[in-house]
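Okay, so chain A shows up in both of these, paired with chain B first and chain C after.
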Partner chain A sequence: MDCFVFEAAGKHLGIEARYIYRIADEARVVPVPLLPSCHVGVFYYRGDLFDVIDAGQLLGNEARISNEPPYVILLKWDQKSLGLIPERIVGMTWVEEENSHGMIFTKEGLAIHMMIPENIWKRLSELPYGH
Partner chain B sequence: MDIEKYKKIFTQESDRYLQELTADLLRVEKDLPNRSLWSDVHGKLHSIKGMSRALNLDDISALCHSMEAWCKEFQGGTIAPNADAVQVLMDGAELLKEMVAATAEDTAIPAPTRLDRVGALLRQRPDQLILDRPFDPHPFSAPSKIDHIRVEYALIEELLARSQEIILLERTLPPLSQEQITSGLRSWIDHYMALLRGIHFQLARLRLMPVQDFVSLFDKPVRDLARNYQREVRMEVAGGELQVDIGLMERLREPFMHLLRNAIAHGIEPPDERKKQGKSREGNIVFEAEKKGDSLLLSIGDDGRGIDSEAIERYLKTRMGMSDQEIGRMSREDFFRTILRVDYSSAAETDQLAGRGIGMDVIAKAIEYLSGSLAIHSEPHRGTQFIIKLPLSLSIIYAIVFELGPYVLSVPTSHVVSIERADDPLPEQRDDLYDLRSRLGIRFNTAKSSHILRVRRPPDPNNPEAGHTLDRFSVDAVIGNMPLMVMPSGELLARTESFAGVGIMENGDLSILLDMERL
Partner chain C sequence: MNRTSIKNKLILSFLALLLIVMVVIGAAQQITDNVITSLGISAALALAAGIIFGGIFSRSILRRLNSLSSAAKEISRGDLSREIAFLSRDEIRDLEEVFAAMVKDLREIISEIHDVSTQIEETGRHLSVQVEKVLASSREIDESALAIAKGSEAQSLIVQKTSVVLDRGLEQMDEAARHSAQTASKTNDALKKTETGEAKARETLRYLEDVLKQMVENAEPIYRLSEKVEKIKMVMSVIEELSQKTDLLSLNASIEATRAGEMGKGFALVANEIRNMAENSRNSSHQIRAIVDDIFKDNRAVTLALKKSEEDINRGRKVIHGIVGTFGEMLSGVKEISTEVQEVGVITRRQAKEMRGLLHQFQELSRLAQENFVSTQKTTIGTKNQKEEIMEIVKEAASLNVLSQKMMETQRRFRLRGT
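This part shows the complex of A and B:
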C-alpha cells in the first residue's frame, strides 16, 4: 500500500495514503485556549475545520520544535478530520503489509511505525481538556 | 422583529405556499375524493391565515378562513367535493396571490368585486353551489416568474471551497516593485480582493436552508416507521420558515431520526389504545424551530404515553443506589436526563422492535459536540418533548473580535454592552474585573490592556430572578466589530465547554467565539 512517511519524536511514522487529504503549506493555525499542549490550534481549509496536532508532542516530546510556517498533514476519515505537524516530511513510499506490531521495514532498512488516524483520535480524546 | 421584516417573510412564505397550493388544487381536481390532498390544501391555507392574522391583514385572513371551511368538509369526508367547488377555490387562490402582492407593494386590494363574488360563493355549501351566472372566464393565469431554483448542495460546497482558495491565494502574492505600487497595482489588487471576499460571504449565505425543508426529509422515513410499528402518525412543523445552516442540519439528521424512531416505536400508542384514552387515533409529532436570542431551539414532541418513569426509578434505585427521597428531590428535567446516561437501557431500548438500540447517550454527545444542549420534558399519557438548543447556528453573526494573550477571541456583539478604553493600570479597579485570562489559562499577564469590555451574560437558569449579570474584563486589543461566519467548534474544542464555535472573519482569519453562558 502507499504510505506517507514523516518524522516526529525521533521516530519514522507512516500513515496510509488513503487517509491523507492534503499536505497544506503556509497553513495559518490559530491557537485555542484550554487545550492540551500538543494541540497547536485550528485550521480552516476549504470549508473544513481541522484540529492541528504537533505530532512530536503527541508522541512524547516536551516542547514543540517550531517550523515556521508549518506543513500540516491533513487527514480525513469516517466523518472526522485532523491535522498533524511533523518535524520533517520524508515522502511517499510503497510498502508491503505491516506486521502485527504496526511496524514496517522498507527495503532501505528504515523502520516505520504505522499510525491509524482513529487511534490518534482516541489518544487525543484521553487527554485533559478545559479548566 | 420589526413589521417590515415580518411583512417580507410573510410575502415570501405566502408566495411559496400559494404556488404549492395551486399545484395541490390541480392535483386534487383530478382526484377529488383524495382526502390527504385536501388535508395539504387545508394546511397551507391555515398557515397563510395564521401569518396574515399576525399582521392584521383581515381581507386575506377572511378569505383563507372561508376557503379553509370548505376544505375541512372535504378533508373530513362530510361533503363531497365537485369540479365547480375546485374552480371557486382556484379563483380564491389567484385572488390571494394578488392580495399578497398588493400587501408587499403597499397598494390597495385589487378587484374588490371579484373578491366579493368569490366570498359570496364560499358562503354557500360547496355541493349546492348556485351560480347566478355562468362562470366569468377568469383571466388566464400566466406562468409565475422563476423565483427560486433547486441547487445541489455539493455545488454550493464546491463554490465555497473555490472562493476560499482564491482568497487564500492573496497570501502568496509576490512583493510588488515601487513602480507597480505607484502605478496603482496595489490598490487594484486590494479592490479586487475586497470584491472576492464579498462573493465568498454571499456564498456562505447559500448554506442556509429552511427548517421545513429539513423536516420534509423525514416524511418518508416517518411514514415507513409508522407502517412498520402499525401506528398512525401525523407530522407537523412550526417555525419551518426559519433558516438554518445546512451543515448543522446534516449533523442532526441521525440524532433526529433516532428520536423519531423512539417517538413512533415507544411514545405513540397503537390507534386502538389511543382511542380508549380519548385521544385521536392519529398520533402527533411536532417539529418546532425557534430563534431565541443567539440560540436556535429545535424540538421534537409527541403526544404519546410519555417516558417510562418507573423504568427510570428502577434504574436510579438499583444502579445508582438512590433512595425514594433523593429521587423525589430531583427536578423533573434531571430525572428524565437519566435516560441519557451511557449505561441506561430500559427494556424498551433493547427489545427487538427498537432495533439497533443506539443509546440516547450517543444522541446527547452528538449535540454536545455542536456546542448544544438537550432538555427533556415528559408527562405520562400526555407525551414527550426533546428540546435541542444550539448556539449561534445562523451562519453569520456580528461579533467583537479582540486579542487576549496569544489568542484571537470574540464575543457576539449582541452581548457587548460597552467597550471602554483602559486608562493606564487601574490597580484599584482590578478587583471588579472578571479575570478572563486565568479562566482561559493565560499565564502571563500582559499589563498592556488597551480596552475593557462590558458584557451582558444571559440569566443563570438556576436563578432566573437575578436577570442579566454584567461582567467587565480587560483585553489586550480590540480588532473590531465584524461579521463572522460561525462553524461548530468540533469534538475536541467542545470538551472545554467554553466555546460557542469558531468564527471566520471576512479576510479568512479565525477567531474563537466564547460561550458567554458557560464561561
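This part shows the complex of A and C:
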C-alpha cells in the first residue's frame, strides 16, 4: 500500500495514502481558545474547515522545534477532516502490510509507526479542554 | 804812602853818626893837637853817639816789636779786639799791617766760624728734628710697607686662589664650550634625522594615501561582490521557494496519483521524480546557500577587514598626520634648540675668552702683588737700612753738634770787638 511518511515526536510515522487529502503550506491557522495545547487552531482550505494538531505534541508531548515553515497534512475520511503539523515530511513510499504491533519497515529498513486518522481523532477527543 | 826802610834809616843814621864823628874829630883836633887824644876823644864821642843812636834805634824797633808781641800774645789768648797801631812807615809797618790784616782775617774767620757753628748747631737741631720726622716717617713707611706686604701677600694668595678658581671655571667653561659644540653637533644630527623622519613620515603618509586609495579601489569589487551575493541569496531564496513549492506540488501530485489508483501510478512515478528533483534542487540550493553564506561570511569578513583596515589606515593617517605635525614641531623645536645651543656656544666661548683675559689680568695682578710684596720687603729692608743710616746721621749730627759746641767753645775763647 502507499504510505505517507513523516516525522514527529522523534519517530517516523505513517498514514495510509488514501486518507491524505492535501499537503498545504503557508497555512493560515487561526487559534481557538480553551482547546488542548496540541490543538494549534483551525484552518480553512477550499470550503473545508480543518482542526490542525501538532503531531509531535499530541503523540509525544514534544512541541515542534523546526524553524522551517510548517506544512499541514490535511486528512479527510468519513466526513471528518483533520490537519497534522509534522516535524518533517519524508514523502510517499510503498510498504507491505503492517505487523501486529502496528509497525512496518520500508525496503530501506526504516521503521514506521502506522497511524489511523480515527485513532488520532479519538486521542484528541480524549484530551481535556485547556490542557 | 812813602815808606822808609830800616836799611835807609840805618844808612842815614850811619851817615849822621859819621858826620858827628867827623865833627867831633874836627872839634877834637881843634882842642888838642894830639892825634891820639883827638882820636880817643873822637872814638869815645863816636862810640857814645853810636850807643845813643843804636839804643834809640833799637828801642824804637823793640818797642814796636814788643807791641806786636803783646798783641800776638793777646791774640793767642783769643783777644782779637785789639787794634794794631801803625807807628812807622818802615818794614815793621808792613809787619804790623800784615799782622793787622791777619787779625782782621782771623777775626772774620772766627766770626764766620761762629756763624758757621751757629748754623751748624741750628742745622744740627733742625737735622735732629728732621731726623726724628724721618725716623717717624720711616717707621710709618716700615709699618705701611709691612701692612702692604701683608696685604700684598694676602692679595697674592687671594689672586692665586681666584686664579685657580678662574682656571677651574675656565676649564669648566672650556668643557661647557666643548659640550655645547658636541650638543650643537648632536642637535644638527637630530635636526637632520628629524628632517629625514619628517620626510619619511610625509612619504609614509603619501604611501598610506596611495594604499588607502588603492584599497578603496580594490574594495569596490568586494563591495559589489557583497551586493551580488545578496542578490544571489535572494535568487537562492526564490529557488528554494520554488523547490519547496515543487516539493509540495510533487507531494500533492503523488497523493492525487495514489487516489487515482492503477491509472495514476505512472503519474505518481513522475511526481516522485519531480519531488526527487525538487529535493535535489533543494539540497543543491542548500549547498549553494551554504557556499553563498560562506562567500557572504568571507566577503563580510573581508569587507569588515577592509573597513577595519581603512579605519586603521585612517587612524594611521591621522597618527602620521600627527607624527608629521609632531615632526614639524620637533623640527621647529630642534631648530630653536640648535640656534640656542649655538648661541650658548658662542656666548660660552666669548665668556671663556673674557675669562681667559680676566685670568691673564689676575695673573698679572698676582705678579704685581708679588712684585709689590718683594718691593715692600725691599722697602722694609731699605727703611731698616735707612733707619740705620739715619741713626748714623744722628750720630754724625751729634758729633757735628759736639764739634759745633767745641767750635763755639773755641770761638768763645776769641774776643772780637769789646765783647
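Please note the rule applied: the second predicted complex is superposed on the first by the 123 of 131 C-alpha atoms of A that agree within 3 Å, B and C clash if a C-alpha of one lies under 4 Å from a C-alpha of the other, contacts with A are read in each partner's own complex, and residues count from 1 in each chain.
By our rule, a contact is a pair of C-beta atoms (placed from the backbone, for glycine too) under 8 Å apart; a residue touches a chain by one contact, two chains touch by 3 or more.
Being a predicted model, the structure only gives us computed values, none of them experimental.
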Exercise. Have a look at chain B and chain C on chain A after the superposition and call it: clash or fit.
Key: fit
Practice problem: From the overlay on chain A, compute the angle at chain A's CA centre subtended by chain B and chain C, rounding to the nearest 10 degrees. | Solution: 120
Exercise. See if chain A has more residues touched by chain B or by chain C, and give me that chain.
Key: B
Practice problem: Considering only the touch criterion stated at the top, classify A:R18 as touching first (chain B), second (chain C), both, or neither. | Solution: second
Exercise. Using the touch definition from the top, say if A:I116 reaches chain B (first), chain C (second), both or neither.
Key: neither
Practice problem: May I ask you to decide whether A:M92 touches chain B, chain C, both, or neither, giving the answer as first, second, both or neither? | Solution: second
Self-check item: chain B versus chain C as contact partner of A:M103, first or second or both or neither
Solution: neither
Practice problem: Compute the least Cα distance separating chain B from chain C in the superposition and give it as a whole number of Å. | Solution: 10
Quiz item: What part of chain A is shared between its chain B contacts and its chain C contacts?
Solution: none
Self-check item: chain A-touching residues of chain C, taken from the complex the two chains share
Solution: 244-245, 248, 251-252, 254-255, 258-259, 268, 272, 275
Self-check item: Touching residues on chain A, where the partner in the complex is chain C
Solution: 2, 4, 17-18, 20-23, 25, 71, 89, 91-92
Quiz item: Mind pulling up the chain A residues that touch chain B in the complex?
Solution: 26, 28, 30-35, 39, 42, 44-47, 49, 51, 124-125, 129-131
Quiz item: chain A touches which residues of chain B in the complex?
Solution: 157, 160-161, 164-165, 171-172, 406-409, 439-442, 487-493, 495-499, 502, 504, 508-512
